[in-house]
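Multiple structures follow.
In the two assemblies presented below, chain A is common to both, partnered first by chain B and then by chain C.
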Partner chain A sequence: MMFGSADALVQLSIKSRDPYVAAAVHELATGITKLELEALICGTRRTALAIARWEHTPASVLTALAGVHDEAIELRLDKNPGTSSSVLSGLYEEARSKDKAGLTKLIAQHLNSGTEVLRRIALHANDSECLLALSKNPAANAKVLAELSERASGSDIAVAIHKNIAQNASASAELLTRIFDASEVYTQAAILGHANCPAWLIAKAAASEEVLMMRVLARNRRVSKESLQRYAACEDAGVRAGVAANALTPVALFRHLIKDKCELVRREVASRIDLSEEHIEALSRDDDIWVRQRIARSPTTSLDVLYRLAVDAVADVRRAVARNSMSTVHLLNMLAEDTSAWVRSGVAYQVNASQRILMKLADDKDVDVLSGVANNPNTPQSILKALVGSSDTDVRRGVILNKSATRNTLLPLLEDPYYLHRVLLVHNPHLQAQDKWSLRDDPDFQVRFSVYRWAANICLKMPDTFLVTK
Partner chain B sequence: MKILVAVKQTAALEEDFEIRDDGLDVDEDFMMYDLNEWDDFSLEEAMKIKESSDTEVEVVVVSVGPDRVDESLRKCLAKGADRAVRVWDDAAEGSDAIVVGRILTEVIKKEAPDMVFAGVQSSDQAYASTGISVASYLNWPHAAVVADLQYKPGDNKAVIRRELEGGMLQEVEINCPAVLTIQLGINKPRYASLRGIKQAATKPIEEVSLADIGLSANDVGAAQSMSRVRRMYIPEKGRATMIEGTISEQAAKIIQIINEFKGA
Partner chain C sequence: MSKILVIAEHRRNDLRPVSLELIGAANGLKKSADDQVVVAVIGSQADAFVPALSVNGVDELVVVKGPSADFDPDVFEASVSALIAAHNPSVVLLPHSVDSLGYASSLASKAGYGFATDVYIVEYQGDELVATRGGYNQKVNVEVDFPGKSTVVLTIRPSVFKPLDGARSPAVSHMDAPSVQSRSQNKDYVEVGGGNDIDITTVDFIMSIGRGIGEETNVEQFRELADEAGATLCCSRPIADAGWLPKSRQVGQSGKVVGSCKLYVAMGISGSIQHMAGMKHVPTIIAVNTDPGASIFTIAKYGIVADIFDIEEELKAQLAA
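== the complex of A and B ==
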């Protein structure tokens, strides 16, 4: 029997006396019922601490816990990624009034902290740890970072603050420019790699012979082709690897890069999808395993090359062929007979694998192969049903994650011994509401929470349409 | 044939915790209780023997502790243990591992098992002495840090492999009955089935008093222990350093540290 409304669900939750179930439906409740749920959540300090710390606790519950005024709970709220901006604002006032720099630091680095709180920290916090934490926080906007930079200028921590700002996604072009001239080479390199770095600064820095700057610029798509040509001839392998990775690198440069003395450079070239057949052919014969592995995985590699790499001496290269989306059924059939289970497993996960291949692999004894078969959407239901009985957790999880697994296949897994599998099933679109609701009294609190949270979300989305069913 | 598995409910700590006012332990509010990790492996080893045996094997789990320990014992029952026994008296509070070993010994004498398994150590106190003290009180052969066991019910000898330093194993033949302390990784502990959990919820846990096993309050507790906790505290932070700076700078510093370490 299922609940019929948000009120009924809340009443059931209160009746359960389960603090995690209470937390799951808290958002639905109002008035006295909300207080009853909160009494369950805060029933013991131990429970309240655990729920305040738990990363799945809904924001409304964290807001309620902020009203308990327990420093140990507040510490957990400051750390919990789900704590809302308004709660963090209140916690900041409390931390500031009690001069708790440790708590202020947590708020300074929290991604949900509001602009006003962060601005006040930038302007008023005296603890260097708080200011450093703030300088790393991408939630701090350009204005806050500019104010922080200005306040920090001339202080002992200015260098460290500016290093962090140079890597903060919110830093504006203006601020980055201002920091650039006064900074040492590491910070300058970071600024050149920043998405907001002005084009004129990149153009100006392109003439630099400083290796760190060249490494960053060689990867930058805003660098001129002339600069890339110069970097391609640089003594430093890191710079040449940057050129090899840059999407704008002229094809003419590949001729040299595919023969580069450093394998790091050749690996970057091998990862590209704009290589000619000639380049691919050359790289497919490279001595470096990773270079061949990347060519074997590339969707632009020809079938002829793939067939050759399918008999490579190294299993990782053969597996890469097995994972290649361009591999044909014939090629996969060949690799399904490979002596290495790791290669056969690659075939088992391959979306192009035919039912015939998967049926053959279903007789394999290796757990990685069977996990792949269980995951593969082409695997026949009869095989998936058999794999549900596997003693291996990974294989059964493969069936749960298989998008083609039907309700009938999945139903026995509602009794799976591993709690996480039952949690996953609560979110599975192929199971019906009554199947999921049957887990409401599960022995594991995380499963119970998931079921009630799922039900609460339905009530929140469709308050009038959720019906009682048997 | 009977195998007795000594188990303990251990406390894991949250990231942030507070020491009790008396300075002797962590405030209980910050502890998360669960079955000792090593004991999961001990129980699994007993279950493997039970399930592969042609003769009937009874697996009995025993623990010394207050009411809350029932939760861990039920976990053992859910995984297939036949019976669970819990010994407690408030006077036992503060008992060290040797006194706990003595309490367990009296239960073992009463149960008369053919083998006794315990975890190598508990994850919270890590004395690694309960199992060995039981062997001493019983005057039975014992082996510690058992990483492999070949034993069939009825055998008067078992062959074990003990884990030693440097990844070495020592193969030992041991007379039975014996006390073995089981190492992590000896097997792959099972998850309790839902049916098992439901059945375990209705199974009784035998509560045993000190008097039931011939002991009194004068035999247990801190006063009878050979060691006592004087204080518990968090030592000053060590030499760990956070590497600050830009990504390039952090990489350069790591290379510098590695080179210094290698003497380059």
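== the complex of A and C ==
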């Protein structure tokens, strides 16, 4: 069988009588054929409900389903992240006319909701749940949030609304300033951590002794060095950890922080990439395994220290060396012999691992090690071909996810028993069109949908050149 | 008087905890004080398990001397068949485990016993034994009854029934396993899925990370947090596929069902159908996600629309305070 156009693909879809296939190509169809596809999608209410809820349903199908005027379908459309702004706008009108607060709330929190709809919700919705949902929505712009704040002022939900606005990325500096003084300490701390918080407010708050505020400010790059110095001596470990994590913390402060009594602070120091050799050396001998692990993972740690950590008593530390991008082939070769499978797995996933190391690890019995070998782009095709025959699903999936796996290696996996693997293969760039098309009658609806969606996307991008042969 | 037969399970010289759970389940099935719980343990070293099985709720302990210390489906099937013939129990309880899957269905089918697998509720409703198991991928509870069956074989889901407290000295008897032609041979012991790792199907507090984690280097801070909070760190499929956590920590359709979990904290997990298949039964789910429309919130008891790193930082500070 052969077809070479969008029309031919749509006709095939209609012939299949499969609602998921119909949904996959819906965007290509026009006129009467579109109606035929919609009849298939809405063939039973159960199917229509499932497709309205499904996260992969194309936006054009969701738009078509909005025209069914079925409350259960509308509820699913309101929840579906793919529903378009225009459909949500229509659904809002319907929800408002019928006074459906539940649906309005879903629209208020939807990331695709348009500014005008959100503004109307801010001004007219009476349900507190709707207003609270709106206050969290980053799709609401600064103006909408300001109107919402004004409307909520003095009401029972003002505190909660302002708390949400303080964490909303769209909140403006002006609005944040306005709500700061009237807010409780949690909201004030959130405002100080907001990217739009004005510098003068941060400077003013830096004098505060409130722990919650100090924790936020200690991590803030806009806080002064003097304040960081003060925070470094704070009793609260969370505040000192913030100083340790702050990129602007003066090197002089590290001398104290690497010896901090709380491991939380030392771990933050160990995560830094601007440590001196002396600091790294000291931290690499820390009693806390998470501190040593972070040093073992750091790209600035010297090879000498890495070799020492590669024989650490704790497997997680050795694993961190195996995952370090600076680890040499010699070091990896050593770790490939480790007694812990989790360490060997770290080597197997390493992009620096040589073919020789990977060939050795291919004889391992552990699923994490074999999955790593299967995933690693340096693994020779002969090994990948052998792993295709693994009885372990995870190992076979590793081959499918391998960016270097060639078509010949992947072909046997088209008959893999796990549907997810077949779905992944439809998206694999190394397989040819006829390979993918061979899955069009797959027993699993998700695979069939993926094949037809892939074909539909090609038709949309290159309407005149698409050709699939049997 | 009726008898309930429990088949204890052991592996590599260790009695598996589910054996004691089965004794708890069997005692819950007693209809009168005269009813007896008979526990059988099979293997060449089965005597070694007598002290561990001498617990409250056991009326009789049968040590079945088998040809090997390891599990053999043919030997177990023949032994349990002989035990049923000798004790005529109304109910036979086996662990729902890879061992039982090797012979339970064959045992029940050949003798025409009632049979249900992966049972997590079992009770008498009047005189009728009713076993409850999951159906449609754990979406519904299926109640199974066994009309006309004088013996019913049930495989019981581990970590569901509580063992009974206290020791006891039950009557101990011995028998030899029937001689059978074994069709399998024990060659090597291979622990599946990160043998040295924790079994996530048995833990009750899980913190799980998903794509929201962003980069591999961020995994460690959540491992620390889970460690400090006393949780077991698990993950969704993309995290295990990337090799950031072992496959044995993967929850969901491709991974494991966290059967014993009571508290599940989902960090940066959107909630694909495949992931939720492994954890949606958990009584308390706390979800943290920046997207208020994330599917995970549809099953969460508590939802937090927030950045997982903010929550992680705050929790750590609270734990350190």
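Convention: the second predicted complex is superposed on the first by the 465 of 470 C-alpha atoms of A that agree within 3 Å, B and C clash if a C-alpha of one lies under 4 Å from a C-alpha of the other, contacts with A are read in each partner's own complex, and residues count from 1 in each chain.
Assume contacts are C-beta pairs under 8 Å (C-beta built on N, C-alpha and C of every residue); 3 or more make two chains touch, one makes a residue touch a chain.
Just so you know, these numbers come straight off a predicted model, no measurement behind them.
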| item | value |
| --- | --- |
| Combined model on chain A: chain C and chain B, fit or clash | clash |
| Partner chain in contact with A:R215 - chain B first, chain C second, else both or neither | both |
| Touched partner set for A:A133, first chain B, second chain C, both or neither | second |
| Partner chain in contact with A:N324 - chain B first, chain C second, else both or neither | neither |
| First, second, both or neither for A:L49, with chain B first and chain C second | first |
| First, second, both or neither for A:S149, with chain B first and chain C second | neither |
| First, second, both or neither for A:T249, with chain B first and chain C second | neither |
| Chain B versus chain C as contact partner of A:L111, first or second or both or neither | second |
| Contacts of A:A160 with chain B and chain C, given as first, second, both or neither | first |
| Greater residue coverage of chain A in the superposed arrangement, chain B or chain C | C |
| Stretch of chain C penetrating chain B in the combined three-chain arrangement, among 19-27, 217-225 or 235-243 | 19-27 |
| Common ground on chain A, meaning residues reached by chain C in one complex and by chain B in the other | 167, 215, 393, 418 |
| Chain A to chain C touching residues, read off their complex | 55, 79, 81, 109-111, 133, 136-137, 167, 193, 215, 219, 236-238, 241, 262, 264, 267, 290, 293-294, 297, 316, 320, 323, 340-342, 345-346, 348-349, 365-368, 371-372, 375, 393-394, 397-398, 401, 418, 420 |
| Footprint of chain B on chain A - complex, ascending | 44-46, 49-50, 53, 72, 75-76, 160, 163, 166-167, 186-187, 189-190, 212, 215-216, 393, 415-419, 442-443 |
| Residue ranges of chain B in contact with chain A within the complex | 14-16, 18, 28-30, 32, 190-198, 244-249, 252 |
| Of all residues in chain C, those that touch chain A in their complex | 190, 192-197, 216-217, 220, 223-224, 240-243, 246-248, 253-254, 272, 274, 291-293, 295, 298, 305-306, 310, 313-314, 316-318, 320-321 |
